[in-house]
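The two complexes that follow have chain A in common; it is paired with chain B in the first and with chain C in the second.
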Partner chain A sequence: MAREALREPSMEIVRYDTMKLSIRQRRVVALVVVISALMVWLAGAHWIDTTLGRPEVYSGATLLACLVGLMAIGMRKRLVVLPLWSVSTWVQVHIYTGLFACIVFAFHVPAIVANGVFEGGLSIMFLVVAASGVYGVFLSRTVPKRLTALSSQPRFDRIQWHRNQLAVAASDIIGELADTPDRSVVVSFFDQSLQPYFASSLSTRYLLFPSTSYRRKLLAELMELDRYLNSEVQLAAKRLAALIRHRDDLDYQNALQFRLRAWVVIHGSLSVLLIVWSLVHAYLAIWMHGR
Partner chain B sequence: MRRDDFELPVAPATDRPSDRYQCGFSCTDVGRTALSCPLGPTAAGACRHEKTLCRPVASTSLRSQRWATAVVVVGFMILIVGVYEYGTGFYKPGPLSAPHSQILAGKMGGASCAACHPQATTSLFGWFLTGHDAAALSQSDACMDCHHNELRQETARNAHNLTAEQLSGMNHGVNQTRPVSWNEWMLRPAFALDDVACATCHQEHGGADARLTSLSDAQCQTCHSDRFTSFATDHPAWDQWPYSKTESIAFDHGTHAKRHFTASKDESGNAKPFRCLDCHEKKVNGEFSRVTGYQACADCHDKSLNQQVGERLDLFTLPSLIQPRRERVGDWPAAATGFYDGKVGPLARWLLNSDPTIRQAIATLPAEGDYSRMDLNNASQRDAAETVAIAIANFIDSMGSKGPIVAATEFSGENQAMNRILKGLSPQLLSESSYRWHRKVIDVGMVGPKQDWVRPTIRAAAVRTKDNDDELLLDEDDPDGLLQEDGNSQEDPLLPSPLTPNGTLPGDSQGELGDATALGMKPNLDFDPVTMLPHGGWFANDTRMSISYRGYGHADPVLQAAIELVAGLPESDSIRRELLGSNPAAACMVCHPGATRVGAATWKVTPSSHRPRGAFTKFSHSPHMTLPVLSDCVQCHSLEDRDAAPPSTGLVTSVGNANGLSGAHHDFAPLQKMICSACHTAMSAGDECVKCHRYHPSQEPFSHDVLDGAAK
Partner chain C sequence: MAISPPPTYVRRPERWDQPMDASMTDADVAWLRSRQPFASLDSAAFPRSTPLDGVLRNDCRLIRCEPGEIIVREGDYGSSAFIVLAGSVSVFVSQLSPESLGRTEVKTKSWAQSLQAWWATSRHAEVRTAEQVAISSGPKIGQVDDRPAIFMQDFSAMIRQSETVSLGPSELFGEVAAMYRTPRPATVVAEVEATLVEVRWQGLRLLRKDKRFADQLEDHYRKNWLRIHLRELSLLRYVPDDSMDRVVKATALRSFGRIEWNNDFRRTQKLTSREQIENEPIVASEGQFPTDLIIVRSGFARASRSYGTGHQTTAYLGAGHVFGLAEAAHCAFRPENMPAMVLQQSLRAVGFVDTLHIPIEVVVEHVLPHVRRSELPTEVRHLAEARLGLNGDRRRIDRSAEHEASRYKANDIRVLMGNTSDHTGRLEFLVENRLFNGAQAMVIDLHRCTRCDECVKACASTHDGNPRFVRDGLQYGPLQFVQACMQCSDPVCMVGCPTGAIHRHTETGVIQIQESICVGCGVCSSSCPYQNIRMTPVNDLKGNPYRDSRSGLPILKATKCDMCQSQPTGPACVSSCPHDALVRIDLTRSEPLERWLEKR
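Here is the complex of A and B:
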């Protein structure tokens, strides 16, 4: 059975089915829009600057508006029933609005990291959120491909249930073996290596740096037992090998999905914090302006 | 599926991704395995079975929310802790400029913020609680708290610190000569011209290296809508800048350079070179003195000046009368009896004019007090002659007894200029002179009030004139007969002055005269002020019976005061005309026409009121003089070719114009813009507006009053 057949309906990767443009075309259009908006904005900044107005208020207000707009994607995800374009469209708007905000930020701040605890913290927060946004774009371009290449795409919060299933299945395979002399070879290996492996949870090391080295090590050791086994026990060993591969796939799924979810948490929570600090900054800046 | 493969079972669909809790799969209830619970937990996280043997766990969604909440809470905590830890210093948008940073170095937190931000209190939380009070002090007001010495408070927020009237006047003057441009429709300033905040241009929190006073061309052109792409092509040619002919000093560079210096000879017989730096010395700051002192002129003009100012300036002269009536004038000096002669000088007229009777008497005399032109058949003139003569004699006596300044103040009122004139006049000189002339002893000060020579008072004499010599008035004035003549005393020529028993005053500048009087009080007819008063001073001439002053050198204080005394009189006034026409005063007025300028008399060099040079421009010679080609002053400041200039150009030399009406035309050819634009380009020496212009008009040497005049 092909791995695609194992996909659950809820785990279907969302496709940009409403997009009629290719990715390259869409990117060009979006960049043209961003550059156009930027030129209009720069014209406005120049106008304010040449009239000895307050260009920093203008750029700050633009930044604040951009932040609010960027935060709106979170609201959109929670208001799925409203006909407010597709999420993919919102994501695209979100990405290029973020790009526009980064350029406006460069015009707004006197230094990339401003002086003072509050101002410097605000700058750093903006930069972290912007960097996490860039990382999110990178994740969204790489992780789905790697996830769909696996045999199954279980939900993140059900991966542990599947791990437990694999552990039970492995125990069942060992329990179903007839009491033959070569059974003890497999049982001994199961007790020493496989049972702890199936019973263990995902290590932090694997979560951050997923690797197939331990999987290959177990499979190699299991293959080494073949010459001591009769055909029936060999079949059981192969089934155990299949479980090892499934377990490793689950771990890999877990690590990649964790990256996505952790990124969402960090990006979203820092964005909330950023907009709160920005509102405080805006209030103080307008109140204390030099008139 | 292959025999050795494994198919993952389908997970129980008992929850959704957005649920807060999911099954813990730890159920041990009979009949169910831990992995096959079909119900799942409730929304509150409770197991749905009757026997709660399973412990539901938080879903990924709930855990994500918890993490996000934790991050936000930590952020708030940092904000709050930061405020408590750092106070208002927590909110610090950037370092201050070096001057402000030094001033506020000793202040803490909110106090340093509140120094420039009046809204700020010492508590950062207070910033949010106090709100915005529109009536509160603005930040510009806080700027003016310290910078009130540089700018006037009332015009500090005005464009260029000019009043609306001044600005309107300047704009009107410019617009008259400028065609309407498309720039008129360009962007307008984002502020009112009478509400320009300091921070509009002076942006703080840029750090120690930031130039707080920098101003870009674009900022200038916010209001000055004519677009300047470069100094060479767009800046208008200046008319007479940087020259402004002073109206207080008359000096003609052209005639000095081409005539006087050319004709002069030094020790070797060569003409003296006309070098700019001989007069305009280089100062410590590298600039050149715009105005030179008299020392630069003294080499050539000192001798002739001393000769002119050394001529006599009379204070009083006893006139000569024909048969003076003794009952009216008392004992008139025999030397002043014979025929009408003498003249009432301008200073004497100024003093005596305070009394209307005497003023009228002087007016009755021919030519404002010229006794030599008396009409012998005119009785009123004869009476007036005696009235004025008595007044002069009495004034001399009064000055001798009370002191010149006291006597003059009592009679004519307080006048600073007259006080300065009389400051060096010794009462003894007056009393001794009067004594010699009349051979009488008069009262000198508070000591020895022995007055044996009687003359009716000035007012009494005037009354008598009106009453046709009613001799009874003499008795009325002296009912006790104490003022009767004492012939014995009159004949005592050796009686010394009470203050000068030996006839000599310590420190008396007229020592020779004192010595002479001590030797029997004989008239010193041979007193020569030129030799006996080489450095000037007051002296008495017994031949002319006059009290006179001899001036000396430049800036003689008595001559200065005398000119200032009459400077306020109308130009038609005879006193003014006569005094300024005298040689000593005329010698001053040749170069100082501004000393008598109506309303703004001054001896010092002041700029022309119609062109306030430097109010909005600045220039430093120092960087220019480092260039060899510019080290020669005439490279920029060339004298106007007067021979080529037609008379209609208004080229007027003010030398010799003693009426204070100097020519407004300077002596130099207009400075060509290309001389400057050769170097002042964007790529070379720079051609920014602020290179030569300043936004705030300079206080020195021009006051706002001058600016007011300039605007008008």
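Here is the complex of A and C:
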């Protein structure tokens, strides 16, 4: 055992990293695979067409298989105990299968939005799910950078706790002020504007459309009070301003993290609806063909 | 004139404010002084500030062991040595099975077992069966005096089956692990009722003031361990035996900093970067002429150079890294009219570092002639080539070792000189926060992490409904160093566990907890400098908390990341991350993190 004490620094430790290729290499490999699969699929469609087969059944079956494959990621996420490749590999397969499915969809439908309520609705549902998927990729690539740029990285479930802490800290700043004439200026502003702000929960409007306008308004109003304050109370006002910024950062974190979580729920729910609708469509198409 | 406020007087903390055992009495000390080896120690050799009696009273404790009691386990880390005063103990030379020490090997589950476990997940968190909470087979946990003790079952049969060495009164064991922060090399069990004195590391260092005792300690290390340690260095692998004898004889052993660096860590973290580096004990100073080639034997050190009015970290060094090689090689190969090269960097102990110092003349005469040119630092390679061009090939390499050497890569020299990085800020951050200790640190790229917490959910679903980490931690740029056990290369959490429940897996290096022998004392949790071990109350299958039948208090178990060793997926956190944002990475070297970031 003691021989291990002076372990060679070059000794390899088992490394747990899901990325075998760089992100760029992975993208290139995935696109090559999609293009190759598409060419094989098109060759199949052409052969079926020339042999007077039914290419719409071929494309429909391919689409249905893609949808089932796309849905399987939900199951994989729940079965974390099985070594069925990493979830990130599944996400990549999901994204590029989705891309492949969109192209097959273009070949499958007579028009982007088909005629009739049922068929038209199904087309719209497919397009909405595809668009939400693209939006999801956009979100997952842009939102993390915006979150990281903020001053703190609170966990979603702890944000409310942090808000409460800020409210307490703001009250403490007011409580610590000495009884000077300018104290009443800050106290009055605190009671009217800041206390309700710190005590409030996040509004739905902010949750959906986060903006710094209210923060800027509060900070501007607080700054305007500066002329009525001595240096000690000015310092307290600056500390309050820092808390306002912190609170707004928390709200922004909340809104962005909520957006990411809400997207997963919406995309998942719409996908379930789409696959049910597609199965009914497939059943009806086969049934109608039989008649 | 302004009157300055009156100062607040406090008592300066003193060395022995916290004795190892507060119940040690004058009578105990007097009794110890009558026993060997303390009877023959020269009390005049000890300074007035740290007298021998003070060492015995404050850095020692008496322990009584019952027959079959396991005193130390092979592979454990500890910061104290033991001297047998009465009775005898058995040292198991051959390796014992983990089961005999109360540990069960973690087996990777099959697909079916994983699915079954997933299906049978309890709706209550931290559920354990009665067998998991308390030991049912193998060793027994008992109480000896006022401390928990673990006993080997069927000790006499184990003695018969295994190769053992018996140690009697005045014999010392465990000092190598205590002094040099290495795993205990063997398991030691009390043969009969035995009385031992346990000496903590600080005391052991002080006892070395007595020359005979110090010589005895050093001779033992030099005879049994130093050659092994030196041979494992790639730099010395071609050195022939006769030269190695000279190297072993000339090598000095030194220690810098405090071995219990975790106690100071939280305090030093509050200091500014400049204060931190200035507080670090200096091993070698920039600008001085090199006198030794320094090899880091254990712990960590920082190489830095003066920059502006401060110091810029250039590398961090761990076990096996060398310092001063370029300067030593320059001395050896420079033309006679060229001045010697002074040390280009300083070396400081980060927390604690244990070093081997080979005098430069011995390096020049016995080491460098056997070092491959490709392994010399680039700045002196041309000198070596010029010298070799004049004198012919100086290498006297044993060609039979060539095959063994093939595993060393061409970039050996970079590896040997410590971990460097072009990104100085990140290097400084890793050193300041001692993150370089982590062999499997969890790092999240926040530019890709969507904060979905799939990693936390996956961890919870594979660990009794309770995640083994907190998705929070120190941040450098977009990198978050998460509060998850890093499977440290210097596992301070393993020092002091009374039953050996926390131990390192011999093959994977993962530090794991054998819950059935964990007594819930919380020593590991409070020792972890990164706060990555949590004490958790455990519940029965119905969700009711287990309670101690004697005290009625809840049964606590230490919980931490176990790298999902039993899962066929490997760490669930990594495999469940949808965006490749999370990685388990070796920070003891700078290269893996740099390679990972390059791919992003």
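Simple rule for what comes next: the second predicted complex is superposed on the first by the 267 of 291 C-alpha atoms of A that agree within 3 Å, B and C clash if a C-alpha of one lies under 4 Å from a C-alpha of the other, contacts with A are read in each partner's own complex, and residues count from 1 in each chain.
Here is the rule we go by: a residue touches a chain if its C-beta (ideal position, glycine included) is under 8 Å from a C-beta of that chain, and two chains touch if they have at least 3 such contacts.
What you are looking at is a predicted structure, and each value in this text was computed from that prediction instead of being measured.
In the superposition on chain A, contact of A:W41 is made with neither chain B nor chain C.
By the touch criterion defined above, A:S140 lies against chain C but remains apart from chain B after alignment on the C-alpha atoms of chain A. Which of chain B and chain C touches more residues of chain A: that partner is B.
Residue contacts after overlaying the shared chain place A:V264 against chain B and chain C alike.
By the touch criterion defined above, A:R155 lies against chain B and chain C together after alignment on the C-alpha atoms of chain A. Residue contacts after overlaying the shared chain place A:S88 against chain C, while chain B stays out of touching range. Of the two partner chains, chain C is the only one that A:V80 touches; chain B does not reach it.
Of the two partner chains placed by superposition, A:Y214 touches none, neither chain B nor chain C. When the two structures are aligned on the shared chain, A:F107 is found in touch with neither chain B nor chain C. In the superposed pair of complexes, A:Y96 makes contact with neither chain B nor chain C. Under the contact criterion defined above, the residues of chain A that touch both chain B in one complex and chain C in the other are 1, 6, 8, 10, 155-156, 261, 264.
Here chain B touches chain A in the complex through residues 1, 3-11, 15, 17, 22, 25, 34-35, 59-61, 64, 67-72, 75-76, 78-79, 82, 86, 89-95, 113, 116-117, 119-120, 127-128, 132, 138-140, 187-191, 197-201, 203-207, 218-219, 221-222, going by the rule given at the top.
Residues of chain A that touch chain C in their complex: 1-10, 13-19, 21-23, 77, 79-83, 86-88, 90-91, 139-140, 143-145, 147-148, 153, 155-156, 257, 260-261, 264.
Interface residues of chain A, counted against chain B in their complex, comprise 1, 6, 8, 10, 47-54, 110, 114-119, 121, 125, 152, 154-158, 161-162, 164-166, 168-169, 235, 238-239, 241-243, 246, 261, 264-266, 268-270, 272-273, 276-277, 280, 283-285, 287-291. For chain C in complex with chain A, the touching residues are 74-75, 109, 111, 114-115, 117-118, 176-177, 180-186, 225, 228-229, 232-234, 297-298, 318-321, 408-409, 412, 415-416, 419, 439-440, 446-454, 457-458, 461-462, 471-472, 475, 478, 480, 489, 506, 508-509, 563, 567-572, 574-581, 583-586, 588-589, 592, 596, 598-600.
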